[in-house]
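In the two complexes that follow, subunit A is the common piece, with subunit B as its partner first and subunit C second.
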Partner chain A sequence: MSLVNFTAREITCKIVYYGPGRSGKTTNLQYVYGRVPESRRGRMVSLATQTDRTLFFDFLPLELGEISGFTTKFQLYTVPGQNYYNATRKLVLQGADGVVFVADSQARRFDDNMESLQNLQDNLLAQGVDVRQLPVVFQYNKQDLPNDLILSRDEMDDALNFRAVLSFGADALHGTGVFETLRGISEIVLKRLATGSAVA
Partner chain B sequence: MRALEPWVIDPLQTFLDESSARLTLLMTSSGQVVAQHGFSRSLDVMTAAALGAGIVASTDELARLMGATRFGALVHHGVRQSCMLSAFGTPRGRWIGLVVFGPETSVGIVQLFFDQMVEQLVTIAPREQAPAPVLAENFEGELNASLKALFGRQ
Partner chain C sequence: MTVTLNPLYRFDTFVVGAANRLAVTAAKAVAESPGTVYNPLFIYARPGLGKTHLLMGIGHAARAINPRMAVEYLTLDEFVEAFHAAIAAGHGEAYRKRFLDVDLLLVDDVQFLTHRREMQAELLRLTDALQSANRQIVLTSDRPPAEIEALDERLILRFGGGLIIDVSAPDYETRVAILRRKAEERRATFGDGVLEAVAQLGIDNVRELLGALNRLIAFQAVSEKALEPEQARVLVGGKEAGGKKADEREADGKEAGGKEADRREAARAEIRSASSGAGPSAALSSAAPGAPAALPSASVASASSAPDEFTDFLSEISATVAQQVDAWKSQVSAAILRWGGEGYRTARLEALLEQEMVRDPGQELRAFEADVERLQALQDQAAALAPDLAGSPAFKDPSDIPAAEALLQLTRDGAQPPPPPSPLWLLDDLIEGSGNRMALQAARAVAEDPAKRYNPLVIVGASGAGKTHLLHAIGNALAPRAGGLVACLSAPEFTSELIQAIDRDAVGTWRERYRHVGAFLLDDVHLIADKDRTQDELFVLFNLLFESERQLVFTSAVPLAAMRGVEDRLRTRLEGGLVVDLPAPDQEIRQQVVARELELKTGSRDPELAAYVASRPAESIRAAQGLLHRVLEAAEAKQVAPSARLAREVLDGTPATPSRRSGGRSSGIVAPTAGGARSREKMVWDWPDISERVLEEWR
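This part shows the complex of A and B:
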């Protein structure tokens, strides 16, 4: 849950990038890290295996600036996508204020996307969180690949986005859609907070 | 020292004075910082909190798998400084303390005064819920301006 500090007038929100292995979650954070001014970000921490697959999580703190007199900070996390690491995915998901589901647009990864989305719902439910109440946006990554290898944004929406929430096409490696996605989830999380429905 | 709410300051200050700890961080179980002493950069504080919360959460899970109760505290001994992580219940939920200390004190002293601080925090913690945030009417305009400044694109 968001932490609102009335004394120091600070808001801190936790956003988790979720999705199947190799869908581009870490790439999203790396792109953000490379583009945000140093004064607005902390160091990026990656707890990864020797082959650079996420083992526990990646973490990137960002300072958004002042909104309504509150210094607003975001904590961006990724989860390890591989099936094997579900226990750590559950831990990282604790206390999330919003989720970016990073799906792999390649047609051959269709089942992996579905499995990961189901896993997200199961893990949230195990923590007593109704996925319908949590801010979620979809990012369909790798839309830059040849058309015969991928599903279009509309096809991805039809397959995954049952609740018609915000969705974005992306090429995270080159940055397309990365900030749009982050902006989208940030807006939803903060607007929800403004209504007073998500205070710890 | 920075603290989320004023009632945390006295117990924390007493702990710092008695234990001679160098750095101390109090956080929620999901890694949100509640109070801190000694860290210089707020964004680094968040990183330390995220890592500390991750360690405690994974240790709790290990304990659960082994059929044990939660471990009381974790201590990493270093040559120049050591680190203690300990989770505890409060009326405001489960919190975690991360304490960095040097050879001028000992893990026993740190643990002793940490436990005393926890007792004090539990005793004096206000029971009522935090008030809902009241954000200004122009919240959305400021949000959009901040997002634009940080992310650069509309």
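This part shows the complex of A and C:
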């Protein structure tokens, strides 16, 4: 996981949006894509099925320009949420600097969230990554839905966020909470620079 | 507990002006001869005028003169704390003893003695004890002793008995000098009139003045344009004559609604914005590549004017990245602070900060640290040879290791072994007679039992009595048991070595040559008369060697009591051991010496000749040997074997040479046979041929 390359003066952050199918991962990326000035965004690569389900993964490169003499690049990925694409998920997850777990706030998707979270941990473990060491934030999407259909942020926290990491409520479709989430994960990832691969 | 002396607080970093000249002079005098001139020395001044600097300067200077001097610096609070701790632990006596062993006690901030009766009593006792032991005590306070509330009258008297001196606020010129010196130290350059403008503001507290300078440096580091004098004045916040605090001043300015306040505020804001986020490096790095949020956000802001999530995101991320990426900068800054604080020159690291791109800062830091380690190793080696070299600036510049190595080499050269005794003269070869028996016995005792029985041993005898001979013989005999090298040299040699050392600025190294010797033998000690510096050095060396139980032997041609121009402290020390007389050799010794010399030169024994030569009046062995040599030369000239008869002829002039008066030129004076100048050797028989010279002058 090469985060800071002092020789090339480059910082590259790979952030993976993880979560159950249809929880809004791609929507997150699309919203970000829509807000980025053209000069700064790469081509969003989306391999979708005909029904707009992510088949392989989405990839959104963001050029943040030169910061403190470092060319800073963010790479946002999503994984296909459906169970049967686990090989792809593993592939995408490789070398991730941070993970945004996009959970579906609807009460009926509760088990899917749990399953996906479990899957995340399994996949990380398979790659020798300790989930406790990897920057992870939660985004509880679809908080705009009627209250009787969804679980509140607190309830979601209770259910998923047992490590008490950062969590955000969001309405990815309209953009609420999208950048907050991205900012949250970015800061955590970047802060690891100081302790991680920075000047040793 | 005791604070070590701040390496930056030395006399040479103290800017001397009219206001503090007297105090500095007194402080230097005290440092040069602690315990003798002004004891106690009491310096008082308002805070920020350099009391502590002076105090530590005394400590540094005294240590530079005598590295073994026990210097203790502490603030009164520490003094009190130590006392309480000692009392609590039941070690009150040990505490007192600890300070009584200090040669130079520096106590800072004694104004806190107010209402501390037990501490006052303790300090009184200590002052008395130190004073009576000729140990120096220097105190500082922010007010004169008489104004320290509830201070024991006796303490006031004690302090008054030494020297009470104040440091007043620096005048304009001194302020400019201070600012210039400090700016130079920080390697900051300012335009004409900037520092002068700041000095004009009437900030008379040096600490505040340096604070102002820091502000200027910080501002200059982040602004593109050079600072204007007027700007500097605004920035520092032109202080009204009074001692108002910064915020008061600001408030005043705002009330007045003056533009100045606004400008000042703007200038400050500029600093704040420029330095925020860049962390500790802001003040240090003049290029301020860290100026974080500003750059990217500014470039993006033009893209859209509406609240832009991405722009916000970007600027926040930029700040974070800048902070994190600049972590190396703070690491370098921390390293600068750390090594700078330890006195190392950090220009190399500072240059690093000014660079936009550093390939591998970690490696640079490691290289720097490796250099520092190397310097430390060199310094340790040098310090082992000459402790006062430990503080040499050459060991503080990691960018110039060759200089440090050169200095070490120089130290090694200088620290070559001291001159040894001449191997020609051995104690066993000395001929013992009734006259020199005592001296020889003392010499043997010293050689057998160095530093235990007679220390120092002083051999007094007229010139030619054989002192030098005996001294070297003692040196040779001491060598196996002295526990170190034996130094044996004459006083003039000692002085000339010292002069050379002063000339080469290597006195410390030179001292070291002698401080570790096993025995120190000095010939003709009376010749140090009126050589003050030599006497000082000898005095220190004497004490040092004496205390570490090294044998000292001196010879003198003048009885100690009759020695003039030698300080009493040294003379009395010489008298403290054993003083033996080495009288001029009597005939018995002379005969033996001559006989041995004769045998050495001719290979034949001729007791009659030896007895005759020895019977001639001679002040010294050398003179007796001289007589023999004359006989031998005459024998050689005449190509006859040396004999008593020839000797009589040569030395006595009998029988008279018939051709004396008619043939050669002569003085015309004939020695009366029974006169004072009986001996032919007193007469000049062969005058030089002056005719040519006379003619020449005549022409």
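Here is the rule we go by: the second predicted complex is superposed on the first by the 188 of 200 C-alpha atoms of A that agree within 3 Å, B and C clash if a C-alpha of one lies under 4 Å from a C-alpha of the other, contacts with A are read in each partner's own complex, and residues count from 1 in each chain.
FYI, contacts are C-beta pairs under 8 Å (C-beta built on N, C-alpha and C of every residue); 3 or more make two chains touch, one makes a residue touch a chain.
Being a predicted model, the structure only gives us computed values, none of them experimental.
A.B. asks: Which partner chains sit in contact with A:Lys191 here, subunit B, subunit C, both or neither? Use first/second/both/neither.
C.D. replies: After superposition on chain A, A:Lys191 lies in contact with both partners, subunit B and subunit C.
A.B. asks: Quick check on the superposed pair: does A:Ala172 touch subunit B, subunit C, both, or neither? Answer first, second, both or neither.
C.D. replies: In the superposition, A:Ala172 touches no partner, neither subunit B nor subunit C.
A.B. asks: Looking at A:Ile67, would you say it contacts subunit B, subunit C, both, or neither? Reply first, second, both or neither.
C.D. replies: both
A.B. asks: Between subunit B (first) and subunit C (second), which, if any, makes contact with A:Leu182: first, second, both or neither?
C.D. replies: both
A.B. asks: Identify the partner contact of A:Ala103: answer first if only subunit B is touched, second if only subunit C is, both if each is, neither if none is.
C.D. replies: neither
A.B. asks: Of subunit B and subunit C, which one touches more of subunit A's residues?
C.D. replies: Tallying touched residues of subunit A, the top partner is B.
A.B. asks: Residues of subunit A that sit at the subunit B interface in one complex and at the subunit C interface in the other, please.
C.D. replies: On subunit A, the overlap between the subunit B and subunit C contacts is residues 4, 6-7, 11, 35-36, 40, 64-70, 72, 179, 182-183, 186-187, 190-191, 193-194, 199-200.
A.B. asks: List the residues on subunit B that touch subunit A in their complex, please.
C.D. replies: Listed in rising order, the residues are 2-6, 28-34, 41-44, 46-47, 50-51, 54, 57-58, 61, 93, 130-133, 135-136, 138-140, 142-144, 146-147, 149-153.
A.B. asks: Can you name the residues of subunit C that touch subunit A in the complex?
C.D. replies: 289-290, 292, 295-296, 299-300, 303-304, 308-310, 312-314, 316-318, 320-322, 324-328, 331, 356-362, 365
A.B. asks: Going by the contact rule set out above, which residues of subunit A touch subunit B in the complex?
C.D. replies: Listed in rising order, the residues are 1, 3-8, 11-12, 14, 35-36, 40-43, 45, 47, 56-57, 59, 61-70, 72-73, 75, 77, 87-88, 91-92, 94-96, 179-180, 182-183, 186-187, 190-191, 193-194, 196, 199-200.
A.B. asks: Looking at the complex, which residues from subunit A come into contact with subunit C?
C.D. replies: So the residues of subunit A in touch with subunit C come to 4, 6-7, 9, 11, 32, 35-37, 40, 64-70, 72, 175, 178-179, 182-183, 186-187, 190-191, 193-194, 198-200.
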